[in-house]
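Two complexes come next, and they have one chain in common, chain A, joined by chain B in the first and chain C in the second.
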Partner chain A sequence: MSDRSAKAHTSVTDRVRALGPRRIAALAGCLLLLAPPLYLSSFWLQTGLFAMVAVIAAIGLNLLVGTAGQLSLGHAFFLAVGAYGYTWLADDTHRSGTADLSGLGLPPLLAFVAAVLLAGVAGAAFSPLSGRLRGMYLGVATLALIFFGHHAMLNAESYTGGFNGRTVPEMEILGLSLGDADDGLAVLGVPFGGLERLWYFGLVLVAVAALAARNLLKGRPGRALGALRDSEVAAAVMGVPAARYRAAAFTVSSMYAGAAGALLALAAQRVVPDYFSLLLSMDMLAMIVIGGLGSVAGAAAGAVFVSVLPQLLAHYSDALPLVVSAGSAEPGLGSADAARFLYGAALVLTLVFAPGGLVSLRGGRAARALRGLPRPRRPAPTLPSTSPQPSAGATTGGDTLKEHTP
Partner chain B sequence: MIRDLLRRAPSPATASPHDEVPALTVEDVTVRFAGLTALDGVGFTVAPGTVHALIGPNGAGKSSCFNVLSGVYRAASGSVRFGEAELTALPPHRIAALGVARTFQNIVLTRGTVADNLMLGRQTLTRAGFTATALRLPSVVREQREHRERVREIAEFTGLGALFDAPVALLSYGDRKRVELARALCMEPRLLLLDEPVAGMNTTERLGMARTIAHIRDALGISVLIVEHDMGMVMRMADEVTVLDFGRRIGGGTPEDVQRDPAVVQAYLGGDPADTAADAATPAPAPDSAPEPGAPHMKESP
Partner chain C sequence: MNRRKFLAAAAAATSLAVVLAGCSTKGGESAATTDKSGIKTGPGITKDKISVGVLTDLSGPVAPLGKSALQAEQLYLKQVNVAGGVCGRTIELVVRDHGLDVQKAVAAYAEIEPQIAALGQLSGSAQTAALLDGIEKDKLQSIQIGASGTVLGKPHLRLMASTYDIDMVNGVGFLVKAAKLKKGDKVGHVYVEGEYGGNAAEGAEFAAKKAGLTLVAQTVKPTDKDLTAQVTALRAAGVKAIVFSGVPAQTASLVGVAAATGLKVPVLASAPAYVPQLLATPAKPALEKMLYVASPWPALSVDTPSVKKLVDDYTKAYPKDPVNQAAQAGNAAGSLLVGTLKAACEAKDLSRDGISKALRSLTAYAEGFHEPQNFSDPAKASSTKTYIAQPAAGVPGGMKQIQDATEDPWLAEYLAAHGG
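Our next item is the complex of A and B:
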């Protein structure tokens, strides 16, 4: 009897131990992410949503670059496919100004899923190249997608609205609009507008994206892709069909980009061609390199870092020395430029001091395994605090906080 | 005990789809690289359930031969038949699916743990695709669990049980070589191609590896084709030997026959064909005396 209770006791402590401080911290972090719509102003919510877009896209790109070892410079194209795809699928055919815009008028949620699939189809259509070309060579080939996409966005006016873009229809789930509907929805006295509602939609998407990527990485496909990255010959003789797996990785990655693009469209409420440039692709690569190649958490951390930094600098340009707000006539560094310099520096620092990315700085399993080994002669310096959370601004008060309605 | 472990019928889900071991018949295989003939009309047969050694000096074409067998190189002419299948017409992953596993001369492992690497060997025996894995369907979880159990058994068998969850980057050279062998075994092969399995190992590791390979043949009844420079090991383990030199087959037969073959002795020791008769008269190193380090066992410098 006492034996059994002792056993039960150990199993409970084991379970707590198995949960681990890291898991508990992650859980607490997730709960914390539910709070911002109650406290933060729309500026920060928008920033957070853009960060979520970046996280989803970076996780997808990381599957391709970090795990399969394939380079893509064309992922901005798949974001565009997702963004314009959602808009076209969900919008009705109507006349806007001088342009006739076509649309299928599907229910928004269905349009969202279809947009993701559309991006997947676009990615799969590229598989004759994505299956055959390796690493850098694929990267160069995907450049073509950027130019093709730009041309299509400007010229297929009835679909894209041309240079001026087109407005994005609101998301609606089971009759609940995720736009600025005037239905008086309020939580704890905070009126919930479009951004607040979208925030939770974005969180769900991020969670789904991260979990699916984790499952893929831990499972059979992830092992096959990792083997392809490390040695194509060895992978092939282990039974991995190289071309098929490379093409599949590219397709999955483009679906992630499609989901990110559709969320981006919802958050921005208007899609314009300029956003989907080569620069966006490069930003995404910077995210996964800074965050850590081949890791879901790394991609997320890098994405938050790269996407939030410019907004932080722009917002606090008055308070920071040398930095002036973008377009200001004062002498000093424009906040957008400052952000680029900063994350350029972060990229270099990461490559020099933490080639494994931000994720390698957090003492993980590898560190524990290495603990028994002799210390390296020159301990690797660590970078200062990592990913700024979207809620980082909450403590500074001022215009950041919401004005609570009593 | 180890034999029992491997003889034990694996659960139906993880059982190898291959029933009996067919013969591997290599006929008149020629491989050319832009004017250089790496293999020139090579032919030999690996009888089912035997250990067949492929030997020869550096550049003899042994690794090229392996690469043809595993589909990495395309033969210019000739045929390689494994049972009914014509291997020269198949891509590497299809050959792997037939139950042909190989190891590499230079260790080629994936980042991650020993378990990750061994699970890669189950690639052809598992089904989980991208969608099912991303959704973590129950069938995927079950498949993963069953195969992981079998893989752990194989790890125990090859002496990697304690290192199962260790990152391969932290393993010693000998252990990594062992992981390669275990990964090939995880494919439940009918034909195992071992490219210099003991190269660079110390004596203890060599003996351990030789014992493991002998166990594999005896317990699993599979064919083993082995490229090796350690003559002591070759002579002790092989049922049959094929000797290559400059891409041609210059001899073959039982280890004893090969050691007495003048052409073989000449290929290894050099010299005029006239001298070879005299060389052949003096007995080649006896099988049992050879494996000691320092003994002249025709080990080439790495």
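Our next item is the complex of A and C:
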């Protein structure tokens, strides 16, 4: 194509070309994400919203574990702070059954932001520990948060409603309710209830969370945290204050968890203490390991995989071989057990064949990984893709915590 | 590269088309209609089928109990379906397993709610709590397996038989007589933190106050296995009896350690604290001598025809699974469901509202419960009577009945004070 004809054409085609296939595919994906509320039943929307919660929480946890090399087993606690924080801030003081519940009655959107900040404050309050402890030691220390949180949720009844939890007030943005309001809102003939509306709110949150994390990782803080993870001494020599950066990573990560918790509360419509167990923290760690440590896209992929897989299996258990639906008298594997086996298998396969997580399995790399060939860490575009670089492969093959994908 | 670009562009165009086409078939919910015989129908009702949901634990910590309860209900409904069903329709269960995971329970509820007429079995207290609002919003009549009085008062959530606190008031009344307790006597009170223990403790504290007993309280966590420290404290306090609401493993430890250290006093336990499997532990002799269980259900070894039928049918259908109290609850849930649907059919209203009205019209329903139950008020337990049984090897359910369904004289005052 000559210069002249390019000038003659409108710049639109040029722009489209400049986007490149990946960008176009990403754009298509984004467009597709807008469609589900028009087509899917409330079950899939709820599953999707839970997946979005997992994505936000996993991106946040990945900043801490994947980038900063710190471990946290207590992230369920920060989800709880976000969820109960939003509920308490947005709800009015009222009496429910036999319990008096307190609340501030703030506008919901303000309460949401405040809940995220509250989770950040809770994370910052933990900074004397999170700044000084490293890796596994921090993990053990954060374990205590889970038990403290559970005790508090059960006993601070006027804030949390105790064991039976409390109803979550609906989100409202500029007068538009995101709950099951009876205002007859319909798009293209499809009545839009609470879940349909929340879907878009969730999408916006995921987009903001992903963009913020990307910028953070690409900027100075991300590089500083990566340096800290790989060598504290070297980082300190370069002028990175270790304790401050670690504490900051923990705080930011807990704010992500707070946002995820508040969205979880909105999606579930009622918060109860049992959501926020140690199991949730473990699931989140599994998500980022499966997805790929240190990468935003990996965290998102892992989160979707872990949170949607059991639902898919339960829903299609009738159509799958060897899997039987719950309560069936036929011999076979219950769908919940099957999901657990697959989940375990995915974790093991990921660690063995793709220590970089799902995100490293793009295109031809997957096949090579399965063949177990040593591979370049970041193959330069000019190199023939099959040329092995044993030394680079050997340094990245085993240690997942050091894998820092772009 | 051009090829890839083309593919990507094609994908983008397709997705755009899909989004904009809006050829969705979603929406246009089927409103309540009326069938040929003039019966009003609602979600989950077709011309030959009534779909009923079950949300229970089949893969988590209490899976064995969930399985027993489900099998008993399936068995009961099978018999009803073979005999012609209800309203000319067969009843089919839509079962989902939440594995005692709150999030899974919420997702599974969202999945099955549009296709069911009622929730025939809902188990797990935290899972129930998480669904309280959804059930009320959808007006979905639900039958809960579990007996914590704290969820009473929700119009569409039905508890069966007596609750933990009622059993404790009645049980302490029994204990006062059996152990010949006097005013001022000290009684040990061991219970797990949380909903079940807390609810039972309310009843025990009230009854103890009325009888003039001094409670020596010890709380434990559900995960605690060894209760030696608690027993030591109770022995030091010189207790004459022990009231206990915990999990089975703790019962074995509590009674076993107490007997071994010479604290041979009667122990009154809530129903969830005992399973027949405890008789296979070294604590067996002590359990048979010291333990009393306050239960909303009759012991499975009693000679009542309705209980015998359940035990025989269940053993025949599931020879590998021991019959237990969960099977009783499941059987009762099935029976209550069928009774409700029959009443709704008579009133010619199988819509969700019709079904809950029908359930509330059952004021003396005994089928499957062995004692007449009053389901008219959602804020009240359907029964105020408690059975007392003792562990015994070699009989169905591993218990022999000591006292038939009885209401303690103080119970009325307790219920008045607790607004239920």
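Please note the rule applied: the second predicted complex is superposed on the first by the 334 of 406 C-alpha atoms of A that agree within 3 Å, B and C clash if a C-alpha of one lies under 4 Å from a C-alpha of the other, contacts with A are read in each partner's own complex, and residues count from 1 in each chain.
By definition in this document, a residue touches a chain if its C-beta (ideal position, glycine included) is under 8 Å from a C-beta of that chain, and two chains touch if they have at least 3 such contacts.
None of these values were measured; they are calculated from a predicted model.
Contacts of A:Arg220 after superposition: chain B is touched, whereas chain C is not reached. When the two structures are aligned on the shared chain, A:Ala345 is found in touch with neither chain B nor chain C. By the touch criterion defined above, A:Pro191 reaches chain C but does not reach chain B. Legend: residue contacts after superposition of the two complexes on their common chain; A:Val237 is shown touching chain B, with no touch to chain C.
In the superposed pair of complexes, A:Leu27 makes contact with chain C only, with no contact to chain B. When the shared chain is aligned, chain C comes close enough to touch A:Phe43, but chain B does not. Taken in their complex, chain C has these residues touching chain A: 1, 4-5, 7-9, 11-12, 14-16, 18-19, 22, 24, 26-27, 29, 54, 56, 58-60, 70, 74, 93, 95-97, 99, 101-104, 106-108, 110-111, 113-114, 125-127, 129-134, 137, 150-151, 153, 193-195, 198, 419. Residue ranges of chain B in contact with chain A, taken from their complex: 70-72, 91-93, 95-97, 101-102, 104, 108-112, 116, 119-124, 126, 128-130, 133-136, 140, 144, 166-167, 170, 183, 187. Per the touch definition, chain A reaches chain B in the complex via residues 211-213, 215-216, 219-224, 226-227, 229-231, 233-242, 248, 252, 294, 366, 369-370, 373. Here chain A touches chain C in the complex through residues 16-17, 20-22, 24-25, 27-29, 31-32, 34-35, 38-43, 45-47, 50, 97-98, 154, 163-165, 167, 180, 186, 188-191, 268-270, 272-275, 279, 310-311, 314-315, 325-329, 334-337, 340, going by the rule given at the top.
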